[in-house]
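Below you'll find a set of structures to go through.
Common to both upcoming complexes is chain A, partnered first by chain B, then by chain C.
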Partner chain A sequence: MKNIKKKMLKYRTPILFVLPAVIFFTVFKIFPILNLFWLSVHQVGRDVGEFVGMQNYIRLFSDEVFWLALKNTTIIVILVVIFGTVFGYFAALLLTEDFKGQKLFRTLFFIPVVTTVSIIAVVWKMMYYPGESGMLNSLLSYLNIPAQQWLADPDIALYALIVPLIWRIIGYNMMIFIAALKGLDQNQLEAARVEGANWWQKLIYIIIPSTKYAINMVLILAVLRTYKVFVPAYVMTSGDPQHRTETIATWIYKQSFRYWDMSYGAALAVVLFLIIMFITVMQKKFQSQ
Partner chain B sequence: MAKKLTSIIFFVLVFFFLSTSVMAQTTIEIWHRGDMAYNEAYTQIGERFNEKNPEIEVNFVLYPQLEDKLITAGMSDSLPDAWILDNVTTGKWVTNDFVRSVNRDQFSDQIMDVAWKTAQAGDGKYYAIPWSVQGMAMYYRKDWLDNLGLEFPENWEQLINVTQKFTNADPDQDGEDNTYGIGLYGASTRGYGYWTLQNFLWQAGGSLIKNTGNGKFISNLDTDATVRALEFLHDLVYKYEVVPPGVSAAQSTEVYSSFQNGLVGMVFHANYKNSAYTNALGRENVGAAIMPAGSAGSFGLGEGENIYINSNTEKYDEIIKLAQFMTTTDIQKFGMQITPSNPVRLSVRKDIDIAKVTNNPLDKPFQEAFLNNKIKYPENIPDYYPIKIIAAELMQEVFLAEEAPNYEQLIEEYDQKINEELENQGVLAE
Partner chain C sequence: MIFLEAKEETSIVKFVKYFILILISIFMILPFLWMLSASFKSPGEISLLHYTLIPEDFTLSNYFYALTELNIWRYFLNSVIVAFFGVIMQTVVCSLAAYSLARFNYPGSVFLLTVFIGTMMLPDAALMVPLFRILRTFSLINSYAGMILPVIPWGFSVFMLSEFFKEIPPELEESARIDGASSLQIFIKIILPLSKPVFGAVFIFSFIMVWDQFIIPLLVANSQSIMTLPLWLANLSSETSSNRTIVAAATTLATIPSIIIFMLFQRNFIQGLTSGAVKG
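Coming up: the complex of A and B.
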C-alpha cells in the first residue's frame, strides 16, 4: 500500500495529465459497453427487469435476419476494405506526383470525406432512381443496357449500396497514404532508378514495404468503421429488399427502437463489439508477424 | 441596528416567497414531432391556452425522431408530462405502462367514436385523447382525366382501365411515353408496403388479423380476399404495367414525388400534401376522391395523432384541461388552418365542416370517408408495428416476383408469421 502511495506521488504529474482522458474514456466508453452487456441479460422495458441470462444470445442463433445481416456486413467490409485501400493507394501515388491541378484533384477526392454521410446517401439514392430517367439508368441507355432497379433488385441492391461506401472512403485512405508517401526515402528510390528498376519494381520492393504501417492502419480503421455501417444503409435502403441490404447496425437499431426490444438489441450490439474486437486483435497479430 | 437589519431581511424574504407563490405557474412539457413549422403552430396553441389559463404554461418541444426519444426517456425516467404521437402506438405505451388512462366523459361528445377507438386498449379503457385524424383517399390528375375523356374510377375494374389509359394514352399530351397510372408503396422499411396491402385487402373484404373477442386475435390472411387483393396488385405491376419501376422499394417520398412530378396519375395517402400538389400541378389539375371500391367496398386506412399522458406526471389535471382546450371547436379549426404546417389534418370533431374551414375542396373527400365509415383502423393489439412489417414484407415479396407467385403458399407462410407474433404478444386466440 505504502509502495503504491509512493509510486503515485512519484508519478503524480503524468497521472494528473492522463486522468481526464481515463475518466472520459471510462464514463463514455467502458461504462456503456458494460451497461450494454448488463442490458442484454435482463428484460428491458420502462425499467430494467428480471434477469434472463443468455436467452437473447441463444435467440440470436435462430434469428435468420441476424445471420443475413452478418453476411451482408461481412461482404460490405471485404469489398470496401479491398477496393477502398487499393483505389486510395493508387490515388495517393498519382497525387504525390507533381502536375498541374494536383491540389484540385486532391480536394475533389477528399470532398466526400467531409460531406455529411446522410447527404451522400440521399444523393446516391437519387442517382439510383429506378426509372429510365434516373441518372445512372440514363447513362446505361446510351450503352443500350436496360434500366436497372438498383436498390430494389435483391441481386444488386447490396452492391449498389457498397459503391458509395467505397467512393467515400477512397479520399480518407488517400490522405493517409499521401502522408506516408511523403516520408519515403528519396535516396533509396533514386538508387533503384540508377540500378534500372522500373516503376512497378519500385512500387513492389520499395514503396509498399516502406508504407506498410500506413497500410496496416488504413486496414484496421476501414474494418472498424465499415463493420458499424449504419447511416448510408439506413437512409438508402433500410435493409430492403427482403433484408438483402440489412447490416448488423441497422438490425440493432430496428430491434431496439422499432420492435422496442432493447434487451435483444443490446445482445446484438455486444456480438458486434466482440466481432470487431476479434478481427482487430487477429489483424494486429497477423500484421505484427 | 442588528435587530433592525434582521427584521428587514425577514420581511424581504416573506415578501419574496409570497410573491413567487402567487405568481407561480405550472409548466406542462409536451413533446411532439414534425419540424419547426409544427413547433411554431403548437406554440401558438400553447399561448392561446395560456391566455385563458394564466396559471398554466405549456412548453411544446420538438423531437423529429420522437418515438426513439420517448423510448430512451422512458428508460431513464425522463419522460415529458405528455406527448403527441401516432395513434397506432397506443398499445405500445399501454403495455409498457408509459401512459395513464383518461375518462372519455370529461371531453366533448362531438369527438368521433372512430377517433376514440384509436385511444382504447384491450382492457376497454381509453389511454389518450384524440387530437387529429387522417384517412387515406386517392389523389388524381383531373386534367389527365379530362384530356382522355375519362371519369374517376369507382371500382377496381375501372381503376385498371383508367390507369392503363394514364400509362399508354399520353394523358399529359406532351407526345412522350413518360407517364404511369398509379404509384404504389412496396418498401418493407417502416411498413410502407403495409399501406398498399391494408387498403386493398379491406376493399377485397379481408383483413390482416381478426378480433375473436376477450382481447384475443388471430391471423385472417388465409382467405380468398387476400388472394384477390394480392393478385390484383401484382397484376397492376406486371400484367397491366401501370406502376413505375422500383415499386418493391418505393417509400412515401418516392411515391409522393412521382405524383408531384407528373410521373403518375394517382396516389393514395392522407390529406397532408394538398398545398404541395396544388402548387406543383395547379389547383385545377388535382382532385381527390374516396378510394375505388373492391368487391367489399371502398375502404381506406385511418391514421392520426393522440395526446398521451405520462403515467408518472403530477400535472394530470392540467394536461386534461389542455386536452379539453385542444379539442374545442375553435382550436381544432385553428389547428387545421395554421400554415405552412397544420398539426390538425382533419378535426376529430364531427361538428366541423372541414372543407369550409380549410377552404380547400380537396379536403372534402377525406372527411366524407370518415363520416361515411369508409375509414378503418387496425385492431388494438399491444404492438401493431411487427404486424405492419410482416404485411409490408408480404407485399414486397409479391412485388418482387415477376411471375405470379404461389399465393396460397405465400399466404400460409405469412399467416403463420402473424400468428407467431400475436403469440409473442400474448393475444393469440386458441
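Coming up: the complex of A and C.
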C-alpha cells in the first residue's frame, strides 16, 4: 500500500496528464458500453424502471425485421468486402509503379475516402432519382433500358445502397495495398522471372502471398466498419422499402428513437456489439497463428 | 506494371491499362460531376428527360438560393464550431494521455493504454441509447457542448500519438529533467516540437472524424438552428419539397472544405493512414 502511494506521488504529474482522458473515456465510452447491458435487461422509459430479465432478448427471436436487418447487413458486408478488396487490389497493382498520370489517378481514386459520408449519401440518393429525368435513369435510356425505381424498388434497393459503399472504400484499400506492394521483395520477383514465370504465376505465387498481411488487414477493417453501417442507410433509404435496406444499426435507431423503446434498442445494440467483438477476437486468433 | 516486365508492357497493354484506369476514374468522379452539373442547372432543365452533363441553361441561382434563403452559412458555422473545439480538445486530452501512458510506467498505465485504444472497437451505432441518456442527464441535448464533448475521447488519436512518443529517445527528456524542468515544460518544449509530423496527421484524421459526425448531432440537435452541415443536408434532401438542383448546390458547397483540407494535407493523410493501418 505504502509502496503504491509512494509511486503515485512520484508519478503525480503524469497521472494528472492522463486524468482528463480517464474522465472523458469513462463518461463517453466505458460507462455507455456497460450501461448498454444494464439497459437491455430493464424497462426503460424516461427513467430506468423494473428488471425485465431476458425479455428483450427473447423478443429478438420473433422480431422478423431484426432477422431481415441481420441478413441485409451480412449481404452488405460480404459484397462490400469482396468488391472493395478486389477492386482496391486491382487498382493498387495498376498504380504502384511510376508512370505518367499515376499521381492523378491515385488522387481521383482516393477522393471519395475523404468526403463526408452523409453528404456523399445525399449525392447518390439524388443520382438514384426514380423519375425518368434521374441521372442514372437518363443514362439507362441511352441503352434503351426502362427507368428503374432504384432505392424505392424492394428488389434493387439493397444493391443500390451497396454501390456507394464499395465506391467509397476502394481508394482506402488501394492505399494500404500500394504501401504493401512497395515493400515487395524485388529479388524474389527477379528470381521468378529468371525461372520463366509468367505474370499470372508471379501474381498468384509471389505478389499475393507476400501481401497477405495487408489483405488480412483490409478484410478485417472492412468487415468491422461495414457491420455497423448506419449513415448511408439512414440518409438514403432509412430502411425502406419494406425494411429491405434495414441494417442492424438503423433498426437500433428506429426502435430507440422513433418507437422510443430504448431497452429493446439496447438489446439490439448488444447484439451488434457482440458481433463486432466476435469478429475481432476471431481475427486476433487467426493473426496469432 | 508490378507483375509485368518492361518488355511485356507493349503499347496495347499500355492502352488497355489507361483505358481501364480512365473507366474507373469516371466511376469515381461521376457523383461529383453530377453534383456540379446539377448545381448549375435550372429546376426546369434537370427535369428534362434528355440528360446533359454541361448545363445548357447555366445558372447560379441555386447557389444564390442556398446562401441566402436556406442560410447554409448557419449550418456551416455550426459545423466549424463543433470541429474547431472538438479537434483541439481531443488533441490536447489525447496527446497528454498518450504521452503519460507511453512514457511513464506507473501502476495501471499499460492497462489504461489498452483500454483507451480498445474503445476504437466500440461501434457508435451501438452506443446511441446510453450516450443519449448521458447527454440528457447532463442537459447537453440541443447544445454545442453535447456535440463536442463526446468526440473528445478517441482511441485512434491516443494510438497514433503513443506509438510516436514511444520512439522518442528518453535521454532528451532526462537532461532537461536534471536541469529542473517540470513534466509539462518538457512536454511543451521538447516533445511537441519533435512531434510536428504526427500532430499534422492526427489533426487531419481528427478533423475528418469530427466533420463526418452524424450520429451524435442526430441525437443532440433537436432544433434546426444548431444542426451541423451534414445533418441539415440530409434533412434537406429528404424534404419532398426541396429541389434537386438546390440540394446539389448545397452539397457542392458542403464538399469544398473536405476537398481543400485533403489537398492541403494529402501527404500527411496518406502516410498516417498507411502507417496506422500497417502497424495496427
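Everything below uses one rule, namely that the second predicted complex is superposed on the first by the 250 of 289 C-alpha atoms of A that agree within 3 Å, B and C clash if a C-alpha of one lies under 4 Å from a C-alpha of the other, contacts with A are read in each partner's own complex, and residues count from 1 in each chain.
To be clear about the criterion, a residue touches a chain if its C-beta (ideal position, glycine included) is under 8 Å from a C-beta of that chain, and two chains touch if they have at least 3 such contacts.
What you see is a predicted model; the values in this text were computed from it and never measured.
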| item | value |
| --- | --- |
| Superposition on chain A - do chain B and chain C clash or fit | clash |
| Contacts of A:M262 with chain B and chain C, given as first, second, both or neither | both |
| Chain B versus chain C as contact partner of A:A249, first or second or both or neither | second |
| Per-residue touch tally on chain A - higher for chain B or for chain C | C |
| First (chain B), second (chain C), both or neither touched by A:L151 | first |
| Partner chain in contact with A:G45 - chain B first, chain C second, else both or neither | first |
| Which of chain B and chain C A:T74 touches, first, second, both or neither | neither |
| Chain B versus chain C as contact partner of A:Q188, first or second or both or neither | neither |
| First (chain B), second (chain C), both or neither touched by A:P130 | first |
| First, second, both or neither for A:D240, with chain B first and chain C second | first |
| Identified clashing stretch of chain B versus chain C [4-12, 22-30, 40-48 or 58-66] | 58-66 |
| Intersection of chain A interface sets (partners chain B, chain C) | 44, 129, 131-133, 238, 256-257, 262 |
| Contact set on chain A toward chain B in their complex | 44-48, 129-133, 147, 149, 151-152, 154, 157, 237-242, 256-260, 262 |
| For the chain A and chain C complex, residues of the former touching the latter | 4, 7-8, 10-11, 13-15, 17-18, 20-22, 24-25, 27-33, 35-36, 39, 44, 87, 91, 93-97, 101, 105, 107-112, 114-127, 129, 131-133, 135, 138-139, 141, 164, 167, 170-172, 175-176, 178-181, 184, 193, 199, 202-203, 207, 213-214, 217, 221, 224, 227-228, 230-231, 234-235, 238, 248-249, 252-253, 256-257, 262, 265-266, 269-270, 272-273, 276-277, 280 |
| Partner chain A, residues of chain C touching it in the complex | 1-5, 8, 17-18, 20-21, 24-25, 27-32, 34-35, 38, 46-51, 93-94, 96-97, 99-101, 103-104, 106-107, 109, 112, 115-116, 119, 121-134, 149-150, 152-153, 155, 158, 182-184, 187, 208, 211-212, 214-215, 218-219, 229-231, 233-234, 237-238, 244, 247-248, 251, 254-255, 258-259, 261-262, 266, 269-270, 273-274, 277-278 |
| Interfacial residue positions of chain B with respect to chain A in the complex | 67-68, 71, 74-75, 92, 96-98, 178, 186-190, 244-250, 263, 383, 385-386, 389, 393, 396-397, 400 |
